[in-house]
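Would you mind keeping the following structure in view while I ask a few things?
Each chain gets a letter, A, B, C and D, in the order it is written, and its residues are counted from 1.
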Amino acid sequence: MRRILSFLGMTLYFAFLAMPLLWMLSMSFKTTDEILTVRSFIPQAFTWQNYQTVLTDPGWRSAFFNSLLYVFINTVITLIVALPAAYAFSRYKFRGDHHLFFWLLTNRMAPGAVFVLPFVQLYGREGLGLFDTHWAVALAHTLFSIPLAVWILEGFMSGIPKAIDETAYIDGYSFPGFFFKIFTPLIAPGIGVAAFFSFMFSWVEVIMASNLTRTNARPLAVALTASLGAEGWDWGVIAAVGVLTLVPGAVLIYFVRNNLAKGFALGRV
Amino acid sequence: MATIELVDVAHSYDGGKSYAVQDINLTWNDGVASALLGPSGCGKTTLLKIISGLLKPSDGKVLLDGEDVTALSPRERNVAQVFQFPVVYETLNVYNNLAFPLRNRKVPEDEIDERVTRVAEILELTPHLKRRAARLGAAEKQRISMGRGIVRADTTAVLFDEPLTVIDPHQKWHLRRKLKELHKELGLTMIYVTHDQQEALTFAEQVTVMNMGEALQTGKPQDLHHRPEAPFVGYFIGSPGMNLFDATPEAQGVRVGDYIVPLSQVPQGDNLQLGIRPEYVEASMDAHDGWLEARVNRASLTGNALMAEVSGAGLNFKVIVPENSPLRSGDTLYVRFPEENTMLYQHGKLATMEAAA
Amino acid sequence: MGLRLEHIEKRYGSEVKLREVNLELERGMFLALIAPTGTGKTTLLRVMAGLEKPDFGRIIVDDEDVTHLHVRKRNVAMVYQQFINYPPMTVYNNIASPLRVAGKSADEIDKRVHDVAEKVQISEYLDRLPQALSGGQQQRVAIARALAKDAKLILLDEPLGNLDYKLREDLRLELKNIASESDAIFVYATPEPIDALTMASHAAILHDGHIVQFGDVRDVYLRPNQVVSGEYFSDPPMNFLPAQVEGGVLAMSEQLKIPVETLQAPLMSGEYIIGIRPHHIEVRHKGESGTVDDRYLRGNAEVELSEIVGSDTTIHLKHHDTNITALSNDVGFFDLGEEVSMFIDSQQMHVFSPSGSLLASARAVRG
Amino acid sequence: MKQTNQRAWFFLLPALIIVAINAFIPFMTVINYSFIDKLQGLPSFWIGLENYSSVLQNNNFRQAVGRQFAFSFLVLAIQVPLGILISLGMPKKGIGATATLIAIGLPLLIPWQVVGIIWRAFTRSDLGFVPIIFNQFNYNYDAALNSADAWWTVVIMDVWHWTPLIALLCYSGLNAIPDAYYQAARIDGASRLKTFWVVTLPRLRSVLTIGILLRFMDSFRIYIEPTMVTGGGPGNTTAFMSDVLVRQAQAFNFGPAAAMSLIYFYIILIISYVFFQVLTNAGTGSDQPQEA
């Protein structure tokens, strides 16, 4: 009896999850006027038209490219910086390590809206002068993705006994030798999951991305708001763009699937 | 309390390709303290899970007092189990931990109170009753999980899966004594799984030695030590283990290496092995005719005696000599294998003997 | 090749882990460092290896002060209690790793790896991953890697602690053979006396962060210089019975009395502690009499527990509310609570002062 | 055991520098803005706490704070139990396990703006599917005009978007529970509910702490999704604190906007710290005093 109940419950939940997505998917295969007139999940006049417009339009293509670029830069910076920091937290005790960890966590608490104003100034002309470049958005996102990456990597690193570091030193490895030849392969799954979380956080963020860019680093977020701002919404195209924004996530999650559960452990608290 | 029987039990985790345990026929009489002894991976924990009902065997039957309970769940079999690392309900205090199985059975509160206080008394947990279980050390936690087993009136058997592994050495002694007292006082059927022969032989009146999924021999600790019925049992019981030599039948005994061991009863056929415990090898510094001359490679103290590793007549073996013997490596030692302590094996089992010609 | 520790001190915050440790070891020595778990053995090993710097004192290897030399540059190897190997590497690469780092040539590495793998009997597992092996095999891989390095100092921190009872027995002999073929210094930390007796050439008793006794393993075992070394270096633990001497008679209880001159030790009246190892106490069922000469002190006691240990039986006795442990060389069976008679061999009694220092060794082992 | 080693600070330096730039400088700018009155291009002058008091008296802001708390606690109250339930239902082994994991994780991978678009398309009266469902029950659903519909649409959207986070966190927590605990419970004859209460829940405490903390922070600063679906309307039933703040910033009155930002940030900081303390020692807690 319990088995059926839980099966029913799960299918119900999956339906709840899937319906809005399927609705957008079906819209992406309809022409805009069919969307406005006919309300059905199965498109009557099935068309690839919307995808064609999006994939050929230089504006959308550059928006996709820009988003992917700054998200990639953010992930790379986050990993390069988070790996040593997580190693320090996992291997050493030092003055203020707990407070530092909580402070890193608090950064994650800051609402995006709060920082819009000062970030625009920080990255604007008088500040770092990076306004409207991929670096601006990437660096702004690191404020949120570094704490998370440090947290996840520290969890994976603490799973590896310190005796392995010592055995490597005894065998004659120098620190860099040990770190890259022995340690990094051991925490590769952790790096994968941390990269996944940083990529995903940066990919989904909207406020920073839209306020720190104008034209040549114009990300998806800005392109979407712009197209929504116009008079009549071209729903077919927007739906197609929406579906395409799902692709990076689905691809990446496939790669980290077996370590995802462990990544979510975040056993630090 | 109950008599537990396993009839033709076998189990495979990979659908029949390999068997963790096969053709097991064992009986644990009501109220007997017994042990399942064997190296890691010999299938003893699998057997324990089959008895407790946590695992349904691929084939064979489990009988409780003659009744077939193979399909019943642990709860319906009323068995209790103590695990390798202490398993306690961390958020409950000690009292509620002990009362937990009784509350699940809707036992009236006053009877619960009476039984829990008595069990806490036996297990010396009374001072901790109000404390949260998570706060206690590994030894106390193990006693709590023991308590959960014996607090119930209808427990058929208490199963122990290497319970002393995480307990530090000096506390092990107390817990071992507590287990024996528990058995003496409550007369419960207890089955103790371990790889440590010391724990098994101390705790149990009946020990089953297992290896690679088979139950080789079941008997009292002394019998396993004096008359091992398989070479592995001879090797595994006793420290150091039994000397084993390949042997070929002769008219008046058996030949091992280039020495003939005189025997009144002689085995026939091939694939024979002779086994003798180092402490049963008779040794003397001066020569006797018919004795084997051996050279001492090394003599080391074993705490209460001297163990000599010797080689002679093409054989390498060990001999135990009294602590104060002046034996040093390089000396010559004359040894004899007394017949009453010599075991002969064929194809891994006791060889059939016939009167010598 | 010699290793010398001079006035070593090590502190973790307020807790003093090592105090005034002095030690001198020669090539080919196998030292057993004996102390209960968690009393500083591991710290001393880590200081010897260079994994931790002493707060005070010097470490000299072949007359060269290496105290501040990083562990990487020291010619040392270590085996941990939990089997530490590099999970992503095969067994072959695990063993070869120190040689590769030292830049040895490929075929030299290959020969060395096969030679060492042969010695620890894991030749057929060379291409497997460590996790795929049993605990015992994994520890053999760790030992092989320590040997491959041909280090002058090999440190083992209770390497057999996590292994099956029988496997420990086999590995002790194997380790003994391996050590006898190598001229490196072996330092083996353990709380188990049997490890020291089977493998070691020398023994050191570590108590309260300080080496209280050091010497040839038989000397330290037979002639403990204080209560603590007797206690740590015996399994089952040595009995320590309070005793008084009055009017030339040493008495441990009403029944257990002996004239001082039979002990051939100059003891004035006063308080003493008698140390006697369990296997020097005979236990017989009440009825059995048999001839017993006067060197044995006779007393009756109640059996609390009898435990079969390998091929012997440890018997825990209660004599006038003092607990005494005896050991018989046979697998005998005594029931809980049984009244038995106990015979203590007076020639095996060590006499200690109440503060624990040795006054007179047992007559049987005197020099 | 970990060695104390102050050299560890070098490992941290790169991370600290970047996070510091991104955190301190903007933070300092916000703080200093909140104490001055700055109009475009004019010299600014110190006005002390004036901004703060004006913000606190601002009726619109106070209502937004109330709405925000209501929203966050309602969302948490639904998502946490639902997330736990789903994690219990997820298969543990086999291909099904990974497939479910990916499927449940999908909503977390969608840009927040697109989530808004999806739900706008899904619920809009002129092209949404939801109005059709409600027509069957002849209830005239209209998120644009009916404030109850708008509120529940935003709440359900958030539940749709974020419950997977709690479910995945609990799922990883469940994987960490050794099977021996469940065996012991079965042997002790505990019912399924009792086993959950005594074995599963206590051991989920640490992941739940993280989940609740993260969910509280994120729900408290929600902005894009409601703006996309209901634009904060009708009236300001779904205008949350971020919405009010962004409007202030767009109107260029930096002083009040900065003051509001700080108040906003400190509310989150304090509540999160309270959550953190409550949850970390809810599990352990000091045991009852021992009777003599």
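Here is the rule we go by: contacts are C-beta pairs under 8 Å (C-beta built on N, C-alpha and C of every residue); 3 or more make two chains touch, one makes a residue touch a chain.
Predicted model, so just to flag it, every value in this text is computed and none were measured.
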Response to the item:
Neighbours of chain D that also touch chain C are A, B
Discussion item. Centroid of chain A to centroid of chain C, CA atoms only: how many Å?
Written reply: 56
Worksheet item: Hey, how far is the Cα centre of chain B from the one of chain C, in Å?
Response: 26
Item to complete: Would you give the residues of chain C that are in contact with at least 2 other chains, written as numbers and ranges?
Response: none
Worksheet item: Hey, what residues on chain D touch two or more of the other chains?
Response: 3
Response to the item:
Going by residue number, chain A touches two or more other chains at none
Worksheet item: Draw the chains as dots and join the ones that touch; what shape do you get: line, ring, star, complete or other?
Response: ring
Worksheet item: Who touches whom among the chains?
Response: A-C, A-D, B-C, B-D
Practice prompt. Going by the contact rule at the top, pick out the chain B residues touching chain C in the complex.
Written response: 39-41, 168-170, 176-177, 180-181, 184, 195-198, 201-202, 221-222, 225-226, 235-236, 238-241, 277, 279, 298, 300-305, 320, 323-324
Item to complete: Would you tell me which residues of chain C are touching chain A in their complex?
Response: 49, 51, 70-72, 76-78, 80, 82, 84, 86-88, 97-98, 101-102, 145, 149
Discussion item. Which stretch or stretches of chain D touch chain A in the complex?
Written reply: 2-9, 11-12, 14-16, 18-19, 21-23, 25-27, 29-30, 33, 85-86, 88-90, 98, 100-114, 117-119, 121-122, 126-129, 132, 160, 164, 168-169, 171-173, 175-176, 192, 206-207, 209-210, 213-214, 217, 220-221, 223-224, 228, 241-242, 245-246, 249, 254, 257-258, 261-262, 264-265, 268-269, 272, 276, 279-280
Practice prompt. Under the touch definition given earlier, write down the residues of chain A that touch chain C in their complex.
Written response: 161, 163-164, 166-174, 177, 182, 185-186
Worksheet entry | Parts of chain D lying in touch with chain B, wherever the complex brings them together | 178, 180-181, 183-184, 186-191, 194, 198-199, 202-203, 283-285, 287-291
